[in-house]
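Listed after this line are the structures, all set down as structure tokens.
In the two complexes below, chain A is the common chain; its partner is chain B in one and chain C in the other.
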Partner chain A sequence: MAVTGMPRGHALAAPVDLNGTGHYVHWGVIQLSVANLVVIGVMVVVFVLALLLPFPGGRR
Partner chain B sequence: MTAPHEPASRGWTGAVRRRAVAALPPDKLLPDTQPAYMASWIYVFGVLTLSSLVVVLATGGVLALKGPAWWHVSDAGKYVNSLHLWSVELFMFFMVIHLWGKFFMAAWRGRRALTWITGVVCFLTSIGTAFTGYLVQQNFDSQWIAGQAKDGLNSVGIGAFFNVLDFGQMLMWHIVLLPFVLGLLTAWHILLVRLRGIVPPIGAADPAHGSPAASAPLPAEGEAP
Partner chain C sequence: MTRRRRERAAVPDPAAFPTRSYDLVKEFTIALVVVALLTAALAAVFSSPDDRPVTLASWSRADGADFTATAAAELGGTSGTAEYGPPYNHTPGAAQKLGPLGLQSAAGVRIPIDTAEDFVLRPLADAPQPPVVRVALAAWAAAPAARQQAWTKAYSDALAKAPGGDPAKVTGGGFGPVPVLVARLLDMARSGALDGQLQAEGKFYETDYTRPLLFLSDGSYLETLARAQHLGGDQWGMMNETGDYPGQAWLWLYTFWYQIEPFKSSGNADALIWGLMALLSLGLMLLPFIPGLRSIPRWTRVHRLIWRSYHRTADQPEGRDNSPG
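What follows is the complex of A and B.
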């Protein structure tokens, strides 16, 4: 079904506008993009989940 | 393998074969069971890294066959180009979690130092391969990265033989030299994992040796081991 009043590219657009300039955080000499910081945060979350979530069949 | 009644070959091929089969018999090379302690998600990230690497190499091979006019312009080319990028993103993502898991379980215990070292060198080689990949995108991003990187590399003397502004040299590093080294190191790393076995948790018995892992805490005096 066609989405009326909305270009196809807009319907498939990323949830965050990636066409503008990047966002950065600064700690003294350290400069890190928010995108990279988000990826590092997701890695930490996945690492913790991998330790905590039960593995299927692991109780046999 | 040589039959019991057959004299052993004295050639170097026979000697290599005997050593290889003795070190890694088929049931050790491709095991169908694993120790109980491997029933944890943290042990999955090594094979996820390897699976991502297969996709990286396959999509990179297609890009090399079809050429830049295809990957920059056609829909299929852009799709495969994106697959190549995102499989690299997943490869690095899974490899870092694999690294954290192995670091915190001190995976170099029990004569596994070389397994750890080959993994570390794989990680460093992957960073170099990803870096040269960003340099050969043929867009403003790659120009910016090359312009910034040349100053850092020149300041430590590497620029004399590794010129990030030389597109041809960076492309060869990216599609020939670094993937070849990474492939060899990965194969070596996996063979070492099969040879020494998966590291047990700290304090658990190593099924390969039937004894607690090398760096497990020793029992206190008077305490049963």
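What follows is the complex of A and C.
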């Protein structure tokens, strides 16, 4: 792999590069990025898990 | 009334429930460590948005025609900032209102900006200039306001008619010293000097980008870049990010209102939406006192899901076990 032409700081670059063209969902008045949609999905999953997972030490 | 009394009587005394020890400090410490590790791990894997900054220098080099047209508008006092009203200036009728309440005016002019003086004339006057620019500055200063307005209007109109807005292709006359002043400002911007001039706060570290950012936002270059990244204000969320990085999506409700009528086309949208969100926040604060809304938890019965273990045994006639889920 040629090192010539690599951007400076490439060696310390993040494994997952999210810079570049973004991805978006457009539905009627709703327009949001896929990244925001993923965060919203994670928030919903965490909320549901908080409801469903057993309370630590609850079963004694 | 009788039914209500019966319901109240059916509520058990909280002190009658069994208790158990609970280490709040331990839980706080675990949460702190988990969040810190998660933050470090996510930062290492995804890093952060890395877009090149847009400056007056990069703008003037990339789109000199837009910079020239904007500078002429700043000089003539017809730019977006010049006509914005508070907190920058006292433009009559520009301030947003919430019904009879002039919220924007009430805050006052806290960051006074005279676009001609602050964005064009002072940066030119504060830097060493060739004689032709010094003569142009003197001619501008000696002219009455009406003539200054006529010069900038004539030059702005001529720029709008010129092919590509190119100052070199402007025809006609009656522009006074405006072309010289604006051309010199373009040179200063391209050299990077104007960024420093507009940021100069007299402090060691310059952190106030208000003036250069307002100048930038008066042109169409920054807006074009923002719209290309879906950051023109039609994406949900208060502060969205470039690329595939998430922003503050949980503030969606505030920006949702901007996407629908009557707010979408209202000149008072900021004030109206602020008022609406204040009203909704007040409703959330007073939820326990609002009949109907306060009963939603009882109808949705989510609490029975959380405390399902307790309710499984408590609902049985015998063999009651009060330990939580």
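Keep in mind that, in the parts below, the second predicted complex is superposed on the first by the 43 of 60 C-alpha atoms of A that agree within 3 Å, B and C clash if a C-alpha of one lies under 4 Å from a C-alpha of the other, contacts with A are read in each partner's own complex, and residues count from 1 in each chain.
By our rule, contacts are C-beta pairs under 8 Å (C-beta built on N, C-alpha and C of every residue); 3 or more make two chains touch, one makes a residue touch a chain.
Every value quoted in this text rests on a predicted model; they were computed, and no experiment measured them.
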According to the stated criteria, A:32 is in contact with first (chain B), second (chain C), both, or neither; which is it?
second
Superposition-derived comparison: chain B or chain C, residues of chain A touched:
C
I'd like to know which partner A:51 touches here: chain B for first, chain C for second, both or neither.
both
Touching A:23, do we find chain B (first), chain C (second), both, or neither?
second
Kindly classify A:14 by the partners it touches after superposition: chain B alone (first), chain C alone (second), both, or neither?
second
Can you list the residues of chain A that meet both chain B and chain C?
39, 43, 51, 55, 58
Residue ranges of chain A in contact with chain C within the complex:
13-24, 29-40, 43, 51-52, 54-55, 58-60
Could you list, by residue number, the parts of chain C that touch chain A in their complex?
44-47, 49-51, 229-230, 234-237, 240-247, 249-250, 252, 256, 259-260, 302, 305-306, 309, 323-325
Residue numbers of chain B touching chain A in their complex, please.
39-42, 44-45, 93, 96-97, 100-101
Chain B touches which residues of chain A in the complex?
39, 42-43, 46-47, 49-51, 53, 55, 57-58
